[in-house]
Each structure stands twice: as C-alpha cells, then as structure tokens.
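Each chain gets a letter, A, B, C and D, in the order it is written, and its residues are counted from 1.
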Amino acid sequence: MSEMWINMGPQHPMTHGLWNLRVKIDGEIVLDVDPEMGYLHRGIEKISEDRHYNEIITLMDRTCYVAGIAWEHLFILAAEQALHVEPPERALWIRMLSEEFQRVASHLMWYAAFVQDIGLMSPFLYGMRDRDLVLDLFQSYTGGRLTYEYMRVGGVRNDLPPGFAEQARKVCDWLLDRFVEYDRLCSGSDIFHRRCDDLGVVKAQDCIRLGITGPMLRSAGVPRDLRKDRPYAAYDRVDFDVATAETADVTGRYVVRMEELRQSVRIIRQALDWLDKNPGPVMADNVPRWMGAPYAPVGREGYLLKREYPKGVGFSAIEEPHGEALAYVVNEGGEHPYRVKLKSPVFVNLSAARHYLVGYRVADIPPIMGSVDICVGEVDR
Amino acid sequence: MAPLSLYGVANTLVSTLLLHLAAVLPAPLSTLASNSGLITALSVLLFGAILLGASLLNTILLIWFERKMLGRFMDRRGAMHVGYAGLLQNFADGLKLFRKHTFKPRDADGLGFFSAPTAYMVTSIVMFGILPISTGWNSGSLPLSLLLALVVFSFAPLFIFLGAWSSANKYSLIGGMRSAAQMIAYEVPILLAVVAVILLSGSFDLSTIVAEQRNYWFWGPLFLALLVFVAGMLAEMERIPFDLPEAEAELVEGWNTEYGGMLFAFFMLADYARALVGSYLIVLLFLGGWTMPGWVPAPLTNFPLAGILWFQVKTYLVFGVFIWVRASLPRVRTDQLLRVGWMRMIPLALLSIVLAALVVLAKCLPVFGCVPSVGG
Amino acid sequence: MEGEELSRRLVGKFPAVVVEPFRETAGRVRFPPEILLDLFREMRDGLGFDHLGQVGAIDWVEEREVFYTLWSDREKQYVFLSTRVPASAPHLESLTPVFSSANWHEREAWELVGIEFDHHPDLRPLLTPTGYEFHPLLRSFQLHEPEGLEVKVRDV
Amino acid sequence: MGRLSAAKPVLTTPAAAPTAEDSPLPMATEPAVPFIEIETLRAREFLPAAKEALGSLLSEQAQGKLIRPMFNWAGRNSLFPLHWGLACCAIEFAAAFGARWDAERFGVVPRSSPRQCDLLIVNGTVTWKVAHKLITLYEQMPEPKWVIAMGNCATGGGPFRTAYSVVPGVDKLVPVDVYIAGCPPRPEALLDGILRLEQLIKERKE
C-alpha cells in the first residue's frame, strides 16, 4: 500500500469534537498530519463586541463546554480589570472552589474520553458517573450542569447553599477512593503501559518552543502552573503541589492529570474550610445594581439605563484544566467591550500536532490526541 | 440410556409423518412417500432447520448476555425495556436492520460488497453443523471434525478482506488488512495448541476428544495450550483487547464501516456466531464438552438433554470470561499483537505440545490411573 | 522584573520603544513594526521571555493594533507588546522565525482582523470556511439577525 | 396506485398505435400486436404483477395490522444514533449514555458509521463550514432515518444566532423530527426527545 491521505474527522470517534485531522500514512506509519480547524467557529469574539459584559459570561460557558467556570473566571478577571471593579474576598474563594471543581469535572471527562481512545470500555462509564457527582454539586449552587452563568463582574451571582460543604466533602472522599480504582484500571495494566509509554513525546525545550502549556508541559518536567507562579483568586492562600512528570509522553500526561485531580480535591477541602469560617458578601458594593442584572433590557436601542463605563483594558491569565488561557478585554466606554481576545491553550497544543504525531502509527493517534485533551469549542471559539 | 439424537428426532418425525401420508395417499404417491431416500433427505433438511434455528437463537441470546453483562461491568443496566429484561432487544435490532434500505456505496464493487457478508455469515453458521454440542447432536460423527471445524473457521479473513476491499473505503481497507494479518497470525498458534489436544486425545474427532475427557478435563494438563488457544480465539473473534480491525477510536467501525442495514446485521450476527463457536471449541477441547466430572450427583447429569444444558452453561461461562476481559482491558496495537502472536504464542504452543507428549507418556504410568487411549 | 528595569534594558537597544506600566504584567511595550524581529529576539534571548502566549489584533478603524504576550519562566511574569500598522496597508513581518508557535496565531489574526503577515510559511484560513471573503473582527463587519439571511434550499 | 399506473402502458406498446391509425378496421383474426410479443410482454409483466398482487395483499390485509406495527416496533426500539459530537450538547449526549441515564436501556446504541445509524442527533452548533458535511452524513444514512435537533443551537442558532458563521437552525439543512430545547438540554431531556421520537415512529403510516 502506498502513501495516502486519510481524513480523521470531522465525524470520527477520535476527534472528541468537531475538527479534522488529515493524516498521511504509509501502511500504519504516520508521515504527515494537518489539523483542520474551524468547524465549530462560532465567532464568540465577535458576538462579545455586541453584548453586555454580564451577557458575555453566557458565551464563555460555551467557549469551553467542559470547563465553563474556568472560562467565566478568565473573562471575569479581565473584565473586572477593564471596568475597575474589585470583588469581595468570599467571591474569590468561591471562584477558586468552582474552578477546582471544574478542573475535577474536566479531568474526569478527559479520563472518560481518553480511556475510550485506548480501547478501555468500562472506565468511560466510571469517569462519567463520578463526573455527574461533581456536576450535581454545581447544579446545587449554579443551577446548571454544564453552562452555569454563575460569575458576575464584581463577584458571583449567589452564595453557596446551606449543606453544600458536607455534600462536597462527601464527594471529595468518594472521588479520592475512585482515583485509586482508576489508577488500578489504567496504569496498573501492562497493556496500558505498552500502549502509552514513549508515545507522543514532546520534550520540555520543544514544549516551550511550540508554546505548549498545561499538563502537556508539566508532563515534560516543567513545573509551570499559573496558580503557583502568578496566583489569582485565592490560590496564594491554599496549599497544593504542582504535579509534574518526567517522561513527557502519554503516560506522563495521564500521571500529571491524575495527580492534579488529587491536588484539586486538596484545594477544594481547604476552600470549603475557609468558606465555612468566613461568611460575607459575594458581590462588590460599588457595582451598580443593573450591572449584576442577568440580562439587559430588551431592544437594541431602548436601554433603560445608559451604560457607560470608564475606559480600561484588562488582561488575565488562568490555569485552565487544559493549560494556560489568556484573555484581553479592551473597554472603550459604552456598554460593550471593544474587543475580547481569548487565547486557548488547546489551540496552541493542537497547532503542534505535527510535532508529536509524525512517526507514530495510526493506532497511536487516538491515545496521543486523547492525552492532549482537546476541547474544540475553545480552539475555534 | 439411549442418548437422544437430533437426527433421530428429525428422522422419527419425518418418517412418522410420511408413513401417515402414505396411508392416505393413492398408490403411486404412497410408494414415493415411503421412499427411504426421501425420508432421509427430509430428515436432513429438518435437522438442518432445527439446528440453524436453535443456533441462531443461541447466538442472539449470547448478544443479549454480552450486553447485560457489559452493562453490569459498567455500572449500568443494559437493554431493559424491550421484552423481559431486554430479551427482545436484539430481535428488534435485527428486524429494524432487515427493514433498512440496502444500498451499495457508489464506488464499491457490487459483487464483493454483497457476497462478502453472505459468505462470512454462511461459513460462520456452517460451524454449528460441525460441532457436536452433545452426543448425537451434530450432523454425524465425522472422523476429522476438528480439522473441518478449524478449516471452516479460518475462512473468515478472506471474506472480511473481500468485504473491506470492495467497500472502497480507506478505513475499511486498513481494517481489513489488519484483520487478515491478525487472523492469519493467530491461526498458527491455535492450530499448534490444538495439536497438543490431539496428541493427548489421540483423535481428530470432537466426540472422541470429549469422550477422552471423561476422567479429567484437558485444561489441567494442557493449561498452556488453553492459554494460547484462548488468546488466539480472542484474536480470531476480534474482541478487545484484540479488536484492532474494528478499533473504534481510530478506524471508525473498521472493516464494516460502509456496511449498513441487513449486510451489517449479517456481519454482526456472524461475529457473534463466531464468538459462540469459539467458546464451543474451548469447551469441547479443554473443558470436557458436555460431560461432567464424576462427583456431580447423578440426578444433575442424568435427565434428558442434560448434556446440552451443561454444555451451554460452560459455553456461557467461557464467554463470560471473554466479556470480563473486554470490560477491563485496553486494546493493543497491531505490531504488538503480531509480535506477541509470532514470537510468544508460537513458542508457547510448541512448548505445550511437548508437555502434551509428556502427559501422554505419563498416562502409561499407573499413578494417573487413567486408561491409555492413544490410537483408540 | 519591573517596568523600569524592562524599560532600561529595552530602550537602550531600541530607542523607538515605549514601555508603559500594565497591570499584573511586567509592562506594556509599544514598538514600531520595523523592529519586530529584532525586538522579539532580544526579548527571547536577552530577557528570557521565551514563551509566546498569544498574538492578537484589534481594529482601531484607521489603524490596526497587533499585540503579543510573552511569558518568562525565570521572571514568572507576562509582558505585553503591541504595535500598530495602518489599516490601508496592514502588513507586518511574521514572527514565525523567532517563535514558531506564532504560526496559527498569525493565521487567525490574518483571517479575523486582516493583518497580512509577510513571509509567513502557511497563511491559509484557519477558522473560517474556505473561500470566506471577510475579516469578521473588523469594525466594519456588522452582525445581523439571521432573518435577513437567504438560505438556498438544496435539492436532494 | 403508482405501481398500477406504471404497469399499464406496457400492454399498449407504441408499435400498436400507428397500425390502428393506418387501417381503421383491422381484421379480427390479426391482432394488433403479434401474439408472441404479447406473450413476452405478459411474461415480462408477470413478476411486477405478482409482486404488486402480493404487495397489495400484504398492504391491505397484513401490513396495517401485522407487518407495519412489527417493523415500527423494531424501528422504535432500536434507534442507533450517530456517534458525533458537535459542541456542548455532545457532552450531555455522552452523559446520557453514562451510568446514570444509560440510554441503552431503550435500545439506543451510538454507532460511529453513518451507514449503520438511523438517528442523527445534531448535538450542538452547526456552522456553515460543517453544514455540507452534516448533509453528507445525513445522506449516507440508509432509510428510514430520523433527525433530532438537540439544544437551542441546533434548533435555532441559540446564543450564537447572530454570528456570521453559524447556521440558524439545522432544519435549514436536513428535515428535523424532534426538537429538544435547552442549552444544553439535560440528559433527561434527550431521553424524553428519544421517547417522543419513538412515539412518532409508532404512529408512522407508510
């Protein structure tokens, strides 16, 4: 069989989303790849120029649908800078708690998808089952399972419900038990190591050259984590370790994500303790009441209030479950941002696909791409 | 106890019917009706029909069994709402696929595209006629039934590759090539493992092989051969961890990507028929077939059709192990699979032949207390 | 690294550069488009900002701004750089010789805001469909309700 | 009815018409069409006629009472959706096959190849870039097939309605049987949509 191009996508079980990986193969060996993106390009940056700040949160949830809260957090941090608003402390802790819960949910979703890529059938169901418990917690205080619209410029929409902490602690205990089980199913299996060791290797130098961030970078031994290096929310006041691995391969990414799950539970527990002890407001006082309104009055011209903000720019960076996400919000007065630029970590990690796919086999593509943890929503935006 | 035989039952039914017919029919027809050739022909047809129907029902039950078991392994319930506990689910699937529009992709080769699933189905179902599931319940005692079974069993890669090639789809093609490579690679260790069984039993006849296991089942002395055989069967059935040809993550649906409707149903059904046949073979060769060990109380083994019952119980247990494996192991890669096949399985199978030879020698020693039976 | 130090180390080499304070970063460096490659080489090799975070562009109607974010593991800080090109001739040198990860970022900036990056290895549309003629993030591109859209019905 | 009218013109072949016009009083012994030709025609006609007779028998007697309900039962109890994740709703789609909701209880098993599917669940935002691929997938599915528009984006563009790249409703591209509201709909809503589709199939007449 001579060389041929095959299209993996847009409808392909490997893609976990809507993109196309064109692969040039010779037999089973991958000679060249060319990712084609844009199948889910929804123009979020453009629509944001047409929306009120609190309306953009709706879009942020949908930007990355497995890590909605993290993207809300990213945008809110930039928007608060641009609008010169300071949130109260409790809101920071709730945001951090939410982001860590989101990290757990996102990594569990990744686990479910990844094990299916290497052919393990039942852990997919286990991952989804345990993720549902976290989503139940989200539902108890935001009302949504995937798309929350929870954060606001100047704080968060509402406080945690009573009894939340006990339930959350129960879930944490349950999850820690399950993580042991996951490890036994995956890294305890010889076939898993035969499949995933020395696969999709990107060394630290290459990661930095290619701009790769997140668990992929940490699996190469670089302990870069914006939560530690450039603390936002209340991350400088909790105790946690940055998970790293040395192997820079698929197994390394697995190990890093599994350790991050444990660290997230650790952060969650500390945040729950702090939240128990420190009740208080969750919205800033100096925010006009209408700014926290969930939606703007109907009509394009007929606003009840003329919304004018002071000019400003906001730049934020957070450690999203997939890596380092950046937002840049320009506010030129008026009620809509002038420009919202979002940088997705997966966008960059995926742009390096040629680097970590060429030379491996067709059967290696799903585990490697699975270990990258693709969320097409935030790549295409 | 005269064992009940399927052919005997069919023969009795047909001859009784025809004799009654002969009694009422006018002269030229009555002689025709009482013709022994006709009776034999009709009995064979009836026998085949019963065998086919029962085997297909069994296959469908196997699919149901797998779906429910997998559901339990995955912490869910599987099919529930169609029929009692979802028993009718697979009938619904089959009927639906039967009604679906049968089509051919534009670039596909018509002859190969349509004939491959049919041939695959036929060769898989023919196996049920060869394998005895109890004394008297096969098509006749062929002296080389084991060889025949293995030969028919190994037709599959040809038809899979034919179907894959003629669907004019790159995924199908890669899947078909993987399938052919893997099945051919694992034919060899399977045959070598079977040689060990043949050495120990001294026969190519499956009924004799089962009869030879009346004192001890072969899985004990031939444990190595059993391991090789089970691994080979996993590869032949294309089940996880060896389901590379249909590797869903990379090859969409593998070699049956382009097949839909009834042709897809053929492939599915034949796949499970092969899984059933593989489990049958394991039970026949290593787990004593329909016989039960002596310590089982007589009332449990003495009633009519007890052989079939125990045979099916063993088959489902063996298949349960396959499901368990499927639910808990990841998929291997093609090169790893082939390397394991050629470089691990074949030496192991050769070793198992040596062990079998040693056991045959040891059988002559009085310690084992078993009847030396080499050569009959 | 604080803004003053950044300014001291950059302005000596590149007099045309202006460093402004920018919240939660090392600063915001405004530079003329001509010195792009030299400046970024200096940022990467001299100052240790070796990780390209993002490349984006803003349409200010008369001119277009291209901004870059760099991260340094040594300083644990971001630095924000921006330059402006006239909207009549939105040409800018491609950053790919210095930061190869700029490839996709620049493709995106080209198709969304219409900045033409010279000497880019592979300036194809990334997100919009093939043959899409507009740069949607320009201010002149207006969103509208889809009722105004004409959908062509395809005969099946 | 369509089949009947299609079968009729075979008897009066075009060759017969000019003969009738040339000689207005043809001899009684001389058939307008040679006998042998009629026989061939009849023979050729036999199969369609027999098929039609059988079909009409089945349609009138059995189809309404036995065959159609049986096939509808099978069709509605074994819906194979296409394994295709578009956007946010795809995550809830996956959750519906998870341990808590387990859509396989209803015989819903996702398949990766459109050839083996009979249900296209459009679970997310459809952009113009993917529109023709969606239509291709729909056309690759064999009849009978159904489409569920899951979520607001597939139903009408959702929050991205005004975007330049988004199809405002997937019914612009393929015929939709069931719309599910929600952004994204919960897995229960998806199951409800599937059950509603089953109801539709149950009442199917053709």
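Here, contacts are C-beta pairs under 8 Å (C-beta built on N, C-alpha and C of every residue); 3 or more make two chains touch, one makes a residue touch a chain.
Note that the coordinates shown come from a computational prediction; the quantities given were computed from them, not determined experimentally.
Chain centres were defined as the mean of their Cα atoms; on that basis the chain farthest from chain A turns out to be B.
Look at where the CA atoms of chain B average out and do the same for chain C: the two points lie 64 Å apart. With centres taken as mean Cα positions, chain D sits 36 Å from chain B. Computed from the mean C-alpha positions, the centre of chain A lies at a distance of 23 Å from the centre of chain C. Chain A and chain D, compared by their mean Cα positions, are separated by 40 Å.
Shared interface positions of chain B, defined as residues touching 2 or more other chains, are 74-76, 248, 252.
Shown for chain A are the residues in touch with two or more other chains, namely 12-13, 38, 41, 43, 46-47, 50, 125-126, 129. Multi-chain contact residues of chain C (touching two or more other chains): 127-129, 136, 141, 143.
Contacting chain pairs (ordered by label): A-B, A-C, A-D, B-D, C-D. Across the interface of their complex, chain B is touched by residues 1, 4, 6, 8, 12-14, 28, 115-122, 124-126, 129, 185-186, 189, 191-192, 194-195, 361-366, 370 of chain A. Of all the residues in chain B, the ones that touch chain D in their complex are 67, 71, 74-82, 86, 88-89, 91-96, 98-103, 248, 252-253, 256-261, 264.
Residues 22-25, 50-54, 56, 58-59, 67, 69, 71, 73, 76-78, 80, 99-101, 103-105, 112, 125-129, 136-137, 141, 143 of chain C are the ones touching chain A in the complex.
Every residue of chain D that touches chain C in the complex is listed here, in rising order: 127-129, 135, 139, 157, 161-165, 168, 172.
Interface residues of chain A, counted against chain D in their complex, comprise 10-13, 15-18, 38-44, 46-47, 50, 58-59, 62, 65-66, 109, 112, 125-126, 128-129, 131-132, 145-147, 376-377.
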